[in-house]
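Next, two complexes with chain A in common: one pairs it with chain B, the other with chain C.
What follows is the complex of A and B.
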């Protein structure tokens, strides 16, 4: 392993590879900060350029662009409530709440530091235990995936807002939106109402832009409360303060990173799911869950370390089995083939230096993220100096462009219009909107695995608990479902005891 | 503007009932036991239940909170004009951008919204923003990100 690592270092630390890494770093920063241009699109745009590069430079620049783009998605998410990538959507509200309190720079710097921590944990996991993690991931079948998605959804329903029933309605709306279009299993069109473009389904990125950004534009223009987005004076952020905050929530960063590694290694799941699940679990096991959603760094720490860890570990199934973990690594496999490499277990034996050079490139990218990210935060923060009334019309047009960019169709613009107006009224009435996005992201995964599990087991519900991992995940999910009931019962029992005690006293 | 939860609850129940009825129009695939309708029906059943819960809880508060609470912003006609302008701007883009082009259409949207939001005092800066911002976006998205934004009237110039 040491000689492979040494060979990899020699491969990466050459002028052309480092130049490629530097430019893809800037490219990733730029594309990640654009709403509607996800990390996948960034990589797709990069592919034609990689034709002209050596295999190491090509893979290194893809690895860099992804790692940086996932962080860059936090910039518009935190400052303007427009998540640049779906992976940032889980904590966009939290970071935005901090921005409104004048702590935008602090939120983003914490997010940067945790992104780097998550990224480094991901690199370590990738290089030390890729084959082992891949074996674990292969254990996951329909039932395990079903429970995983169910955990994500239930926790999200309870996490957002004060009223879990309204969160549940929001999750259901998201799940229903994910069913629009051709059914993946039977090929039957659903809920298209005879409208042809709906056959393809509703893409969740325009919905995300509409629900978060357009609704925010409407709110700021229709109910103007302040001249600037941040009325309180912007607080200065010292590195000591950020380091202290991250240290205080070091447990959250650790569990977030580990969860990110595990979820990222599962084919079909990815950094989006990792950040949602980590945010939800972070809240569930927090000492102060009531602070979540009010501009509290704890959830940001958990979620942002998680999504960066996942960007590394999504490469595991691709490298070890040639099964892409998400759309980015699907493109990566294409590039591997183009460069004459056969992904699979043998790649670790035959092309070990090249594989290790990918790990080194991830490491370099994550370290490069610190200076580049700090500069980007300082620059992006200036946007808050523009008065809200001037900023909002510009953001509206920006949203239109972003939603159009997904698949270059006007459909995206129609979707942000409908979802933006709907989200505005939903939030006016206390319905949280983030669970709907999660429902859309996980809907297909949940449904496909549920239906296939039912078909495999011939409708036997007990099959959902037969294997050890499935049984564990299932038990956790059901515990989540029952916990509000248990809490209510305990509260009632306590109230009765207090009443009886008072009654006895008088 | 906050309506009583009972109103939202009834709307949610209605929506889930209509969609549930719609699942019966899915063509049946012979031999498929767990077909396209299973999952949506399960979700809709949960949604209907949640709507019923909200309705019952909401009805308990009607006496105290009333059917609808109208906030200060919703009493001002200006708020609703602004709301209509935002929606109209996006509709205008959907209908006209392919024919007229991204730059003129988004320029008009920005100019109108800025005028409505800031009044006529900032006329010059509004005009400058409405001219420059779409051009900047057009350049970035078309040249750097390869997004084919509609060129329209300015197709030959840009």
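What follows is the complex of A and C.
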């Protein structure tokens, strides 16, 4: 291993590879910060350029662009409440609440530090336990994926604020939207009303842009309350303060990173789910869950470390079995082949120097993230100095361009506008919108795996608890569902006992 | 009133001027027509970035770019099981600057009546490759040959085995159901577990969630070499070059049953012959290039060239043949 690492270091620390890393770093920063241009699109745009690079430079530049783009997605999410990626959507509200308190820089710096921590844990997992984690991922069948999606959906309960009923309505809207389109189970179109662009379904990225960004623009249009987005004076943030905050929530960063690695290694689950689940678990086991949603860094620590860890571990099934972990690694597999690297379990033996150089590139990218990220935060913060009446039209323009770019069609633009108006009315009436996004992300996974599980088990419900991992995940899910009930019962019993004790005293 | 009038007259002049300019520009472009391509070419892929077709298209585009000196932009227009992208290609201007990939899936959708995009809606440029279905099981499966699997399916009660490989009615579903039908077995005896695509179904087979999957051996090569999956047969006319020990279905069971997916490059209908010849030459040069050949070989994709007339006849034949099989397998009414 040591000689492989040495060979890898020699491969990476050459002028052309480092140049490629540097430019893809800038590229990742720019694309990630553009709403609508996800990490997937960034990589797809990068592929033609990699044809002209050496294998190490090509893979290193992709690894770098992804790692940076995922962090860069937090920038518009935190400052403007426009999450750049679905993974950032889990904590965009939280970070934005901090920005409104004048703590934007603090929120983003915390997010940066935790992104780096998560990324480093992910690299470590990738280099030390890739074959083992890949084998573990193969233990997951339809039933396990169903429970995973159920847990993911349950996390809506933790982001819906103080009115669970309205949160549930929002989740259901998301679930319903996820059923639109050509259904692969039955092979027929659903809810498309014969309108063929709807065959492709309603993609959650334009909806996300709509409900967060466009709704925000409309709100500012209707109630132009302030000249600037942030009225309170901006607080300066020392690195010591950030380090202290992260250290205080070090447990959250650790569980977030580990969850990110595990969920990321499961093909089809990916960093979006990792981020939502970590946020929810962070809240569930927090000492101060009531502070979540009010601009509290704890949730950001858990979620952002998780999604960066997941971006590394999604490479595991791709490298070991040639199964893409998500849409980014699907493109990566093509590049691997193009560069003469055959994914497979032997990749760690036959092409060891090349594989280890990917790990080193990830490491370099994550370390590079610190200075680049700090500069980007300082620069991006200036956006808040633009008067609202100039900023809002600009945001709208970016949203329209971004949503058009997703599929190069006007469909995306229509979706952001419709969902923006709908989200505006929802929020005016106290309905949270984040659960709707979650419903859309999880809906298809939940439904497909449920039906696949039922077909495979000939309709046997008990099969959902037959295998150990499924049974464990099922038990966790049901415990999550029952926990509010149990808490309420215990509270009532305690209140009664207190009442009785008081009654006895008087 | 007077100033308004003057303003109007000036407006008219400006419009006339811009019309003239536009005309001159168009004339200019018409003159430069001989020097095709004078601007970037768009290559529409109806599937997501990273899939098999996308990879082939991108590799081809890179080679074309190098030869033509103009960018060839791959644009993924996904959704609707490929209808969206194919429709976008058919609806594009037949000016030689928009081409796209056409897949076997389109013939199936035509048969189902989901779309009316028959072979007539396109100008076929060339067939690039075809990949036959496979018969793949988990490495720990008790079956070591296609005939053992078939015997077990015949002997055991319905619902004992589950198969997967694509969404309901997809090409690999067709390959499996049609095979059973040809062997005199009711295809519904082995329930089909719909899957988002080849890669997810191969993962499910490796996890032991389903008994048999039918994507091409080239797609499952890594998992087969990793010892997680076992290839029983290929549904092609000859063996797969990278796994020469795996027999064809005909060799294994004596039944001639072949199903392949194919990819071609097409343009909208109504393309001029001159422009078609330009495109055929450009695609052929890229097809024969060293980098494209190396890519296809490494990826385990076969290369089969069919020129424009041949490709058009082939597309027409597939529109008919696929429908015959789908009706036989009970997939369309």
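We take it that the second predicted complex is superposed on the first by the 492 of 506 C-alpha atoms of A that agree within 3 Å, B and C clash if a C-alpha of one lies under 4 Å from a C-alpha of the other, contacts with A are read in each partner's own complex, and residues count from 1 in each chain.
One rule holds for everything that comes next: a contact is a pair of C-beta atoms (placed from the backbone, for glycine too) under 8 Å apart; a residue touches a chain by one contact, two chains touch by 3 or more.
All values derive from a computational prediction rather than experimental measurement.
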item	value
Which of chain B and chain C A:322 touches, first, second, both or neither	second
Contacts of A:429 with chain B and chain C, given as first, second, both or neither	first
Which superposed partner A:455 touches (first chain B, second chain C, both, neither)	both
Chain B versus chain C as contact partner of A:5, first or second or both or neither	neither
First, second, both or neither for A:175, with chain B first and chain C second	first
Chain B versus chain C as contact partner of A:400, first or second or both or neither	first
Which superposed partner A:185 touches (first chain B, second chain C, both, neither)	both
Partner chain(s) touched by A:374 [first = chain B, second = chain C, both, neither]	neither
Touching both chain B and chain C, residues of chain A	185-187, 408, 451, 455
Contact footprint of chain A on chain B as seen in their complex	1-3, 5, 8, 12, 16, 19, 22-23, 26-27, 29, 32-36, 38-40, 43-44, 46-47, 50-51, 53-54, 57, 71, 73, 79-80, 82-83, 86-87, 89-91, 93-94, 97-98, 102, 106, 109-110, 113-114, 117-118, 122, 125, 129, 133-134, 137, 141, 144-149
Chain C-facing residues of chain A, complex	40, 43-44, 47-48, 51, 138-142, 181-182, 184-187, 189, 196-197, 199-201, 267-268, 317, 320-324, 327, 329-334, 337-338, 340, 342-346, 407-409, 448, 451-452, 455-456, 458
Chain A residues touching chain B - in the complex, by the definition given at the top	30-31, 34, 37, 41, 45, 165-166, 168-169, 172-173, 175-176, 179, 183, 185-188, 190-191, 217-218, 221-224, 389-390, 392-394, 396-398, 400-401, 404-405, 408, 410, 413-414, 416-417, 421, 425, 428-431, 446-447, 450-451, 454-455, 459
Chain C to chain A touching residues, read off their complex	48-51, 54-55, 58-59, 61-62, 65, 74-81, 83-84, 87, 112, 114-115, 159, 162, 167-170, 191-196, 199-200, 202-204, 206-210, 221-223, 225-228, 295, 298-299
